[in-house]
Every structure is written in structure tokens, then in C-alpha cells.
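There are two complexes below, and they share subunit A, which is joined by subunit B in the first and by subunit C in the second.
And now, the complex of A and B:
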């Protein structure tokens, strides 16, 4: 059904906007910024900052209820005596809006000045500097000088509100975004204003600080430096950081994110707008999960266990690939002695190559991924803590249900049937493949980013790359294909796993020839029906929703493709 | 639960909660806090948490209110809380001397408790008794026409007797021949006490049965035809307001009586509430029937505790005679009226601030649209009318729209209650036909002119938020249109007279201080601009003005004017701009006084 649109004029530009849209959003359509603080597209409109005041006129209606036409043969426009806030004004047919008239400019300069008179001049030590709306709008819409010579109002500074957030009340402009978010979105009515007038102060009741898994979102939506995240506070100046669009790997929701990095270190992760996935929010557990990237114990180089010394010897990649391929080559055609445990935390591309290597080249039958299940909340956090279960299913790595073949793998190792195990990114000791079982293996090859019991026992350990260090895709719980981008290089000579799998495929006589991630995707799109016609560019920053396999044309290569149906 | 709330008190609280819809029991929070504070003396952690649990709220929701409404206190106060009004009319009449004397006498600063725990002195904003200023309240008792000596004597008496004696209501002022008393008619009669018998004896409760025999839309039409305009301040036609109600949405409709009289200079509703409550109650009942409401709330300002008691008693008297309750006068109409007490916030006079406050929140005025007629109290269509407006309704029903229109002038029909305060010989309240008298007649005839030896300097015609008229502008007729043409407004009918001894800069400071204190703090221009103006004027007043401050003051006011969520922005901007424009010389002189830069002391 076509949306009803209305035509209006904003700063002389004709705009067609959907009925019901407010003037801030409509102006955005025309590329015009209406500055605002309290308005947030995902929160209730309160209209308290008064920054979005605009001049709104409507056609004067004649007695025939048609717009009266003036001498310039245009409709006569009647402007109200007062300015109107854009956030609470809906578009209307024939409306004329001025966002830059002298009247609007004066009002805006006035509001800017008011916001600054009691604001501390602590920008040099404020962590919001560089992403502060007060700074930005001062430059764009302020007068550049203060006429205020009185004593400022003083309020509490450096108040911990819960373990995650620091509140500076002097910087707060009382826009109430955080209050509305905690009450209406996070579901914890814990923030409020005390006192009155210019002395109004944001606070929470003692002992009842924010304690949801979404608290840190208020540090994102705070337009000033009043609410800052303890995790990021004083770590970096934001203007030094590189922004990389990414996807949170902490659960199957796949919240869109930005990774903020500098010189190879990720300093924070923040949510990125995507209405089809996470609106503009993310959970705190997902947000703070990035820290493992910077773990000092990261595996940085391929190693082989030296049988003589019980120590690990570093290998170059070509040497590691050659040695492992040498060990695997004789096993081709003896698939029943090989098992492989992949990970649904890997990219679809990695899973695709993993599947190809294990099943098609080596002929392994016992291949699966480890399920990670937690508690779902009613908002963003999915019970499935794997970010790419649907990718693991689509590529055929995962059992149905995921993990169902793990007991069989353990059993087959125990019985001596399986002599070779390849593990990617999972501490399988925790999931039934015990240390005793691993010790029985003739060959244990592990690809991982951090050391654990499995890497300790492995004959070969190959360093992997975290989600922040590689390109590739995840398919989320709603069957949405989303793209990762490399924000930082991997430590040492660690590299994205798809390169490792492609190298092994080459050595083992697969016809791979995968030189780039695009090559891998192209092959995958050729073979897996739901991906038909796609490539990494087409996915875009917001991802694409995959059609269930039954609705797609072309042949489904693996039987588990059909299982990749949308999870609701 | 840690807090020991006596059974009787809890029963009372539980009863109060039933005055509000079950899913909106939060609305009872101000009542609860009043009751708990009366019992415990203050509202600390235990009281906050007890209240939150009782009403299904978070403690922060309650804490937000205690710090918003000045009548509540988190810390124990003295047994006798002395509240000295510091607002304009009382200042003009010398309240400063009273505060000074009491502080000296008791040896405490404002908001400090005396060491014996007996007294706390606070300054408060307008107590709506401006005609008898200076005034102060001690706990629930109002003391009027004070002098420092009188104030000291009151304290001495409390100290000696250890108790506070109830103060009688002062006698009703006699009518001046130029007045036409309609709303004040009953109370002006000898022996009239405002009880239901008195009201009925004088012909009361005749409009109600008559109205119940009419169709609601006929009543709305009659009120529309009468031309009665809202008496609260904005002067919006009452009948038109009623006709905007969004009916038929399956939601209940509410009528709210705005009895939060708090515009400085205004004390008319005080008379109507205290002396003739049934006139108001009958007006509310008729209006409820007309608009289809079955429940009405009277939001009475917290500083009128007796008014609340009088109304509650009157409601019970009316119920006993089946004027109120179920199946009123066996005409099948049900209607309840509940009294809701405010707690000291001027902003509750703004209708959407009032609604938020009534819902148990900080009185943050709402952005419009939607208007209360569509989304009002508890999200339902709501009409909010002033006490004086509603008190007119029985008369319109009894006598007809034509009779009402016959009084006053076109556009300003009926009578108006006008309150006069400041240095005139006979300050007080007067009722006369709108447009039939000029400001000059009001000041010089009705009020008997200025006090001996004083000359008129200016007059604020409609509460302190309205632009001042200079002494040569007073030949203006007192009706909505004439005052508008004179560049001001009829407002709330509070006339504040300024004489030649008045320091305009000081008066402007007083006004700015009032609005800075009363700004709810929700929207930027008012929150920041009001206090800025107060600070600037304070500095100028203390001799540290700079020549540029005159224009700066005007411009700050201009940056507030029309930019805010509610009319409080205009309420502060208009008087400041008018004072600066009309008495510019005084400001220039004050700013030049010693020409030196502001020092740290007075910044």
C-alpha cells in the first residue's frame, strides 16, 4: 500500500514527506539539518530543548476552502506569531517552513546561549569532546560569544550511577533522553530530575542505579558529556579513532555496530542504526564483549607441538600449511576417521570453506558446531549466543539441531574410530570432548584466537582472527545477511581463517583458487541458493534479508540449506 | 515495612487512593505526601519508600516530587513553620521588614530551625492574599496586614502558649456603589456563612435541577451564547473550550477546576472558595453534566488548606442532599467531585502542568497539540476551567445567556472579579461589569486613591505576568479588548499598584525572582533565562550594573518570550520587557550607579 505523502516547502525546497512525519525528519529528507537535543527518533517527543524551533506557515484558506492565491500567483502563506518546535509538528500539505530565517536564527542563538550559560567550560577535559552536540551546534548555530557574567549554577560532578556510567550534572542539559530511554525502552524507571528550575538535577535514587543490560545506550544518546561510559572514559579522543562498520558477534540478533579503533586497538563498540535489526541500541554485554580482541594472550603465530620437548615451536604459515596438509593428505577418502568441530561464531565464508574442506575434500561425516545458548531478554538479546547459527546451517557445518553430532564425535573418539579432529574456535572440552578424549587423537588441529585447554593439547595451533579483524558475513536469527569489516589487523601473523582454510584446500587438491574474500563469496553464492545473485557490495551496510531456501530459485547444494529458515 | 504508619492514617490514605482510577493511583501521591508530612513532620527515606510501595512507584518518582514542590521537606522543620510571602504585592507593603525582624527575633536564617526545634522561617512565593499584604502563614494559619511588631507578637504568643490559634476568616469587604456583585452577592449578605443552608436560602441549587432538565448541548449552547470567557488568565471563551472536547472515544471525560490561584496580585478565587463553596460546586456539577463528565477534580493550591477543608465539607453537604453522587436528584446523572491539593508550585496553574501534577508527577507543562480537550487527565478528554469561570455557570443557567450578555461589553460579557493590591487606600477585591469602569476609576474611586502623599507610578493590570501600564495609561476600560489594545492583558484580574516610592528595578527583580523560583525547569529558555535575569537584576540592584545590561536584560527576556513550552515564558518576559521599556531611565541610572565592573561578591 502506497504511503500517503504530503508536499511542503522547507527553505524553498519542495519536499514530499510521508503523512505524520515531523519537520525534523522531513527537513532531513531535503538535506536540511534542524538542530535538536531532546528529540530522538526512537523516544517519546517531549519538546523541552527548544533548539528545533522553526517558522511554520500554512496556506491561507479562502471562503471556498481553497488556498487563497496572492498577486505572485502563489498561495498566500500565513505564519504564526510564534515559532514552532519541529519535533512536535507534523508535515501538512502546502506547509512552508523556514529553518534559517532571521527569527529562527535569533531564537536558536538564544537557546544555544541559554544552554551554555551554566555549562562548565571543561571541554578540554571532557570526554565528550569531538562528539558533543553542544560543541557542534555552538559552532554551527551559536553566537560565538557569551554575554553571561554571573556566577554559574553548580551541581554534582563525577557521580557514579552504577558500575558502568559516570554522571556529570553540570554538563547535563536536562534533555531527558536518558530518563525516557531507561523508563520506556530499558524498562527500569530509575532516572529522574530533582529540584526545580535552573537547579534541576538529573539523578537516580540512592541504591537504585541503572542496572539493566542496556544502560550504556544512555551514554550514546546523551548529546553532551553528562553521561560517559566508564569503559571508554579518558581512553582516547574520539577524533583519533577510526570508525569501522561491524556487527556484534555476541548473539544471533547481530546488532549493527561501529568499532572505534586506533593503531590496531579497538577502544569501543557502539550501536549503529538499523531499523531492521537493533534500531539504534545494543546490549551492554554485546557492547563490552569486544575486549577479548585486545587480550594480551592472543595466539599470534602457528605452532606445532614438539613431541621431543613438549614445547611448542613457531611455524611460518607455509610451513604450517605444508605440515598439516602432509598429515591430512593420506586421510583423504578415510573420512570416517576424521571429525571436525566448527564454530557458528565464524563468518559464513569461513564456514563454507570449513565445510568444503572437511566434508567434500576429506570426506568427514561427523561435522558440527557448538551451540551457545543463554537466556533471551524481551528486547535485543537472543537466546542463541552464536552470531551465525543460520550461516552454519546454510553451509552445512551445523547439525540439526546444532551440536547434535557432538556426542557422536566424542563417542567415536572414545571408541578409537576417529583419530583426527579439527577444531575451529571452540573450547570443546567444555562441550563433552574431554581432555582424555583429545589426548587419544593422532592429530588435533586447532584454529583459535585465544589459548585454552584444546590449544594446549593440539598438535597444531593456527591463529585466527576476531570479528574485528576480517571481512565476511553473518546470517542473524531473522535470516538477515550482514557484513563485517576489518577494523584492525590481527596480532602477529594471525590471519582470517578463510585464508587458512583456502590454503589447506589448495594443498589438498581442492579447486579453490580463492584469492580474496569476494572469491569465496562468489563461490558460495553460486552454490547456496539463498545467496544467489548477491555479492559483498550488494549486502550494503544494513544487510539483506535472505529469502527462505524454498522460495529461491537455483539448486540447494546441501540439505541443511532448507533449515536456514527465518527464526522468529 | 520500617515506617510505622498508624492504622487510622493508612485507612485515610487508602480512602484517598479511591478518588483516582485504579490504574492511575499514582495521582494520589501529593495527598499521601501531605498526610505523611503532617504526621511525621518531614518526608525522608522511609516516607519516600513507603509511598512508592503503596502506589506501585519507584522511589525516584516520589523523590522527584518532594524536591519539586516546596511545601514538602525532606528534613525536619521546626514545629511552627513560618512562611513569609516575599512576592511583589507583599514587598510593596513591606514584607522585608517582617522577615528581618523574625530572623533577628529567632536568631535563624531562612530555612534554618531554631535550636529549640520550635520554629523555621522560610520565604515563600505569593500566598494569594495580596490585598491584605504583607502576609505570612504559620503552619496552616494565615496572618494578614502584618507589621514587624504584629509578626513579633504572633511569635511571642506562640512561644508563650506553645500553640497556634486558628485564625478566623476575615469579614467580607463591603461593596462599593460602582460594583455589581453577582459572584460575591451571597457572601456580601449579613449572616451568610457559605453552608449549604445559606446557599439554598439565597436561591442556590436551582440551576442544577434546571440544567438536568435540559439537554447537555443546550447548556453548552447557553454558555457559548453568554460569551463568558475564562477568568484564569488567557480569557479563552468557555463554551468554545467545552465544544472542543473529543467525545465518543469511549473514554471518560474529566472536568478539572483550576483552583491553584497563584498569579501574584490575584486573590479572587480565595474568596469564592472560602466564602461560597456551593456556588462553585453547583457550577462544577452543571458543567460536568454539560460536557458529559462524571468526575471532577478541584485542584486547590496547597497553601489554602482551609479552602480544601471547606470544599470537602461542602461536597459532603451536597452529597447528603443528593446534589452530588449517584442519580442526582433522581435525574439519572452520576457525578463525583474530588478535592486535590497542590503543594506549592505556580506552574500548576498552567492547565497541562496542573494535569501532570494531578497525575502525580512533576508539574511539567505538556507540549501541545494534543490539547487537554483531546488528551487530558489520565489520557482522557478533559476540560480545565477556573474557579471564577465555573462559579458563573449557575447564574448563566438561572438567568439565561441574554442576562449575562447584558452585563459588560461585547467580547467581555458578565462581571469580573478584580483584586487590587499595593499602596492604595482600600485594597481588596471588587466585582463589576467588564468594560464599564476604567483603571482610573478602579484606583481612585473604588480603592479610594493612593495612600496619603503618594503618586501613581504605574499599574500592573492582570497579575504580575502582564505588562505594566504607566500612570498616563490608566484611562483604559477594564475589559479584555481594551486592555489588549493598550498593550497589556486582563490576565487573572490581579491589579498591582505601584506608587512613586517604588524602585522599578527592585520590582522587576522581585518579579524575575518569582518566575525563576517557579520555572519548572523543563524547557531551556525559561529554565535558564529566568534565573539569568534574576541574577543580572540582583547585580544591577547592588550597584554593579553595566550600561549594556539594560539592553541585555531586554534581549534575554526576548529570547524567552514565545520560545517556551508553556506561557510561563511570556509571564516573565512581558513584565520585564515592559518595565525596561517604560522605565528605561531608572534602569540606565541603576546600571550607571557606580559604573564599576561586577565584583565577585555580587556576580
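And now, the complex of A and C:
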């Protein structure tokens, strides 16, 4: 037996919980909510909010060290005179817990009343309103009215906690989640409480302030509106925002996220629980890496360079596809004159179609992605800043190592061997394919979301979609296949790149026929062994672990037959 | 089925039409000295019931300050989605910086508004009131999207007893002449 379980009763429900689990989590297993503020499943237990008080009873032990049996032929349960905090009480065999007894209800009302004594009635301007535990528990477990007639204690309303966070001292309920997060998770012990009683205040240690790359997580775990991110402060009320499950595209870790959008504008990105990837945290650089989505300079329509002066003519999609296909058609079979640079920031589906278009249909040999490397930290941030390097490798777009063919592409353009270049989503000027080289090309087709030097020089520019605007998958550094969802529509007539590639494939005589992203994935799963038997819905919100590509090469057949067997 | 109607037999006197004309003239003359029922709209406005729900407007407090803190509850509750608020933080250097948040812009699309009064009902700051304006007209749609300035102009000043602006240093509750505070311990 891997894990010892104990049986206990919570509100009359029998629960089997693993040994060592606390009562809040055990109650969660039974579908019972025990309200709490200071307890957080990923942080150390301190038990200072007293909100999770429950009535705990143990079977009365006889002299023979066996539970005494009462007249109703059930064990006699002895309840303590006082209530116990659920967060710091472990489950035990035969334990009986009441979370809704009159005693518990009264205790919670008392705790709520104390918490609200000095809490300002700021809800109309408080950004937490709508996702505030204090609001929620006031409604669910509070008294409903205040008996407090005295003056409230006033504290500073606007204290900067580092450059990214604003603290409203009056709203703080002193749960100390932020203190523990900074100390235990972010590894910078810099927050603490000063003063006593009603005047207790959260503050930074003298001369210190949070300056790690994980500070903004404390705004997520703050159960009230005390800690708010400057980035989101006073921007939108949360009840307007649509939540879309997504994956952070900032690095190869692929933290699971939620995109909060309203009317086609993403307003913030927050982490989403996934114990296999990011627990419930994400780094600040990833969290704030969403603003390019709302950039006013986004490319919104396909264009063609109409004169040497650089004037551009807007095209419709069918027209753009037809014109590009017309230019590419005579090059079929002359693969040595074509090169393509894809991006490992694209979804696996897009990379798959890109590879199919460039290598199989046009026969290009010089196809690669651009590596983006940064500094890794010891927690979540990966050195590889491409979210889908493994996808690029799996589909065959990326070289080994990624980016190794870029110098060859530059060289071949210089020597005049390569006359056609297709670039997807990368400012290749920064990576060795200089402007002079790009100017030499007969045909430069660029698919991108934002204008840059390459789109300026391109003969054809096709607008792309950002990660927030399309469905698809990323494969993270640990070979976990994770799913993106479309949160917002693309600006103008921009569309997800897979549609562009599918349209070009159709025109150029590939078998095509991709109408939906599911079609693309199905074809990909058919051809790429590690994806065998999968589809977009099977990936689920938390993703699936793929076997390393090297291991699966030989067993592709067995996997697909297994999948076929599963289907029938 | 067709029905035959007998025409009335008229005398010669009646066939001159004079009796009917004289009768009509008499009726008109009779009404001239009587009380008038017609109202000279638009010069003369109808008296409205106190609870009449006209155009929603933004009001200022007696000291001329905008009461709205852009909590966006009216925007949320508005059934036809006629309200659109752009919030912003209050600048640090204004005397009432403690209010922290204010509307940068507040737009009510009067073409969408259905005068339901939910916005007035939901407002925690008592900043939006439905006044009695009912004849709202314009030449363009844009003209009927009322922005913050226009709404404040229509709203005017609303006398009230909310102490949001000067909580600190305010006279104690039992001081003579202190305005009655709504609800014990209220800070809002």
C-alpha cells in the first residue's frame, strides 16, 4: 500500500483521507467547504486567521484501548470543549468532524465580525471586489450586520511594496500568506508585520522590498484587496472579464494560465493550478508578457508591396493566398532555392503545417526556427524562451540544435542560391539574416503579428494571431503537451496561422482539407508517433505527458494500434 | 348579405344645412369661455410624478465634487448595456486623493437606455440619479452618447449626507449640527 488512509466522518459523510492530510483538505474531498484565509495548500500552516475552526471529536477509548461502544452500538465520541483549527489538525482514524454545527457557525460569525471591525467599506473601488474571500465569506458565514459603532482604525491606503505591487493597509486581514510566500517560495524574506493589535501593519523590512521575479503571486494569494498589482489596479472589475484557460508563451516551462479578457482585450494573465507544471505560481515576466496582444500596431490585413517605394496594398485572404501560391507554384521541386524560418513560438499544429508546406510540398531543405535563450532561474523560468521548442523539433521544423541552419540560410542567400524566403513570426534581422540579404531575395513572404524590419522588406505580409487568439498546442520543456484556447478574436482580418498554411497547402496541391484545428491535430497524431491516439479534447486542461521522441520512434505502430483499439 | 338603409326624409329647412352649421357654431362658442385642456408643449412642460424615471445623470455633492468612484456596478447591472465607464486612479495631488478612484469617462448611450432605474438603485455612492428629462433628441447617434461632462451638467448637485470626502476630522456623531450619518460605523 503506497499511502495509508484513515477513515473519518465529516458532517455525517464517511471520508477516506490519506494519513497526514489536514481537515480542510479532507473536507474538500467530501465536497465540504471549510472557509479559511491564512491557510494555503502550497504554503506553510500558521493558523492565525481562526476562520477554519471546526468541532472535532475522537472516539472514547476504553481501558482496553478499544473504542467504547455506546448504547446505540456506535462508538462514543468525545468532543473537545473548544473548537480546533482545521488547517493544522490532521485526520485520524474514527475522527468525527462537524463543520456546520451551531457552535462552529457562531465561532465563524465571531471571527468574521472581528475581521470586519477595521476593514474599510471600500468595495466600490476595491479591485478585489468580485473575487474577495472576505466578501464571499461575509455573505456565506458572516453575521450580516455590524454592531461596531466606534471609529475604525485608519492606516495608510497606498503603500508601495516594490515596484509592481500596491498595498492598502486598511484592507489587510493579516493572514500572512504574502509573508510566507516571499520567505518560503520566492526565497526573499522581506515582508513582516509591525505594531500590535488593531494597528498591526504589513511592511517591508527596512531597506528591502520584494524584487524577485515572483512577487506578483502575492497579489493572487492575497485573499482580500490589500495587495494589488499595479499592472491591473483600477483597470477592470473582475466580473466583466471572461476567463480562458491558456498556457504562458514566455518560456519552455509552459505555466498554465488564465487569460482575463473583455470585449477582445486581454486585461491580465494569472496562473492556473497544475501540479505537474507550475503548481499555482507563475513568474512576473511571463505574467506581464501579454501586452503585445493589445498592441495598436498589430498587422490586421494581408498586404503586398506594390512599388519599390515600399507602398503596400491591402489584399483579401483569397487574393493573397492565390498570388503567393502563383509565385510558389513554379518553385515546386526547386527546393534548393527556397528557405523557410519558422518559429518555436507557434503552436505545434502550425509548425506541423509549416513543415509540410515547406519540406514536403516545396521541397525546401533549409528550414529552421530561431532560438531564444535567456537566463533560467531555479524555480519556473526556463532558459529556453521558446514555448514550443519540443514541438518544433517533433514536427521537424527546428534543426538540431535549434537555429543551427540559420547561418547556412544567410550564407545561401548571400551566394544567391536561395531566392525565396518564408519567415514566420521572427524578426530574423536580429539573428543573422540581415536587411541587405533580405533585399536580395526575389520573394519574401512574412507571417507575423507585429510590424518589424522584416515585414517592412517583405513582398507579402500575412497577419498572424497571438497565442491568445488561437487554439492549438505547445509541448513544454518536459515534453508535456498542453492546450491553448482562443480568448479573443484577432484584430482586423488576421487569422490563426494554421488557416493560412492550410489555405496555401490547398492551393499548392497538398492533400489539405484541413477545415478545423481538430483536422490538423488528427493528421499530426496520425503521422507523429508521440502524439498517437491523442486529440485536442483528450489533452484536457492540464495537458498530457508525452514520451520522449527518441523512445517512441520504434513503437509508433504499436501506439497507433493501441489507440485504434481504444477507439473501438 | 346586403342591407338596405332607408335614407331619412329631410325637410327643406334641413336640406339647407343651416341648422347643422348653426349647431356647430354654437358648440364652438360654448367651449371658448370654458377651462382649457390642451397643454402648450413644448413651451409648457407636463407636471411629472416625483418617482418619474427620466434620463440617468451623474450628480455632484453639495461641495461640487463628482460622487462617482467608477465601481462599474451600474455598467454591470444595466440591462441594455447603455453605460460604459473608463476608470482611472485619482491623481495624488488633488485634495481628495483618499477617494483613489474616479471615472475618466462615463458614457451613457441614451439611445440604448431603457430608463429602468437599475443604475440608480445599484449605485453604492448615490452618484447616479434618474432625473426628469424625457425628451432627448439629437441629429446623430454620437450626439446621444452622453459623456461625463454632459451627464454631470444634467445631474447638478444632489444634497446628501454621505461623508466620503471628509471622514477624518469630521465632527463626532453627537456634535450639534452634525449631519446624520447613514448606518453606524459607515465609512463609505
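Going forward, the second predicted complex is superposed on the first by the 543 of 568 C-alpha atoms of A that agree within 3 Å, B and C clash if a C-alpha of one lies under 4 Å from a C-alpha of the other, contacts with A are read in each partner's own complex, and residues count from 1 in each chain.
In this text, contacts are C-beta pairs under 8 Å (C-beta built on N, C-alpha and C of every residue); 3 or more make two chains touch, one makes a residue touch a chain.
Note that this is a predicted model, so its numbers are computed, not measured.
In the superposed model, A:157 lies in contact with subunit C only, and not with subunit B.
When the two complexes are overlaid on their common chain A, residue A:306 makes contact with neither subunit B nor subunit C.
Touch criterion met: A:148 reaches subunit B and subunit C at once. Once the two complexes are overlaid on the shared chain, A:123 sits against subunit C while remaining clear of subunit B. By the touch criterion defined above, A:205 reaches subunit B but does not reach subunit C. By the document's definition of touching, neither partner reaches A:535: not subunit B, not subunit C. In the overlay built on the shared chain, the residue A:192 is in contact with subunit B alone; subunit C does not reach it. Contact with subunit C, but none with subunit B, is seen for A:233 once the two complexes are overlaid on the shared chain. Of the two partners subunit B and subunit C, more subunit A residues are in touch with B.
Shared contact residues on subunit A (touching subunit B in one structure, subunit C in the other): 148-150.
Within the complex formed with subunit C, the residues of subunit A that make contact are 120-125, 129, 146, 148-150, 152, 154, 157-158, 233-237, 239-240. Subunit B meets subunit A in the complex at residues 48, 58-61, 63-64, 67-68, 345, 362, 367, 369, 516-525, 527-532, 535-536, 539, 552, 558-560, 562-565, 598, 603. By the touch criterion given at the top, residues 45-51, 53, 81-83, 85, 88, 106-107, 110-111, 113-115, 117-118, 147-151, 153, 173-174, 189-200, 203-205, 208 of subunit A touch subunit B in their complex. Remark: subunit C residues 69-73, 75-76, 87-89, 98-101, 124-125, 168, 184-188 touch subunit A in the complex.
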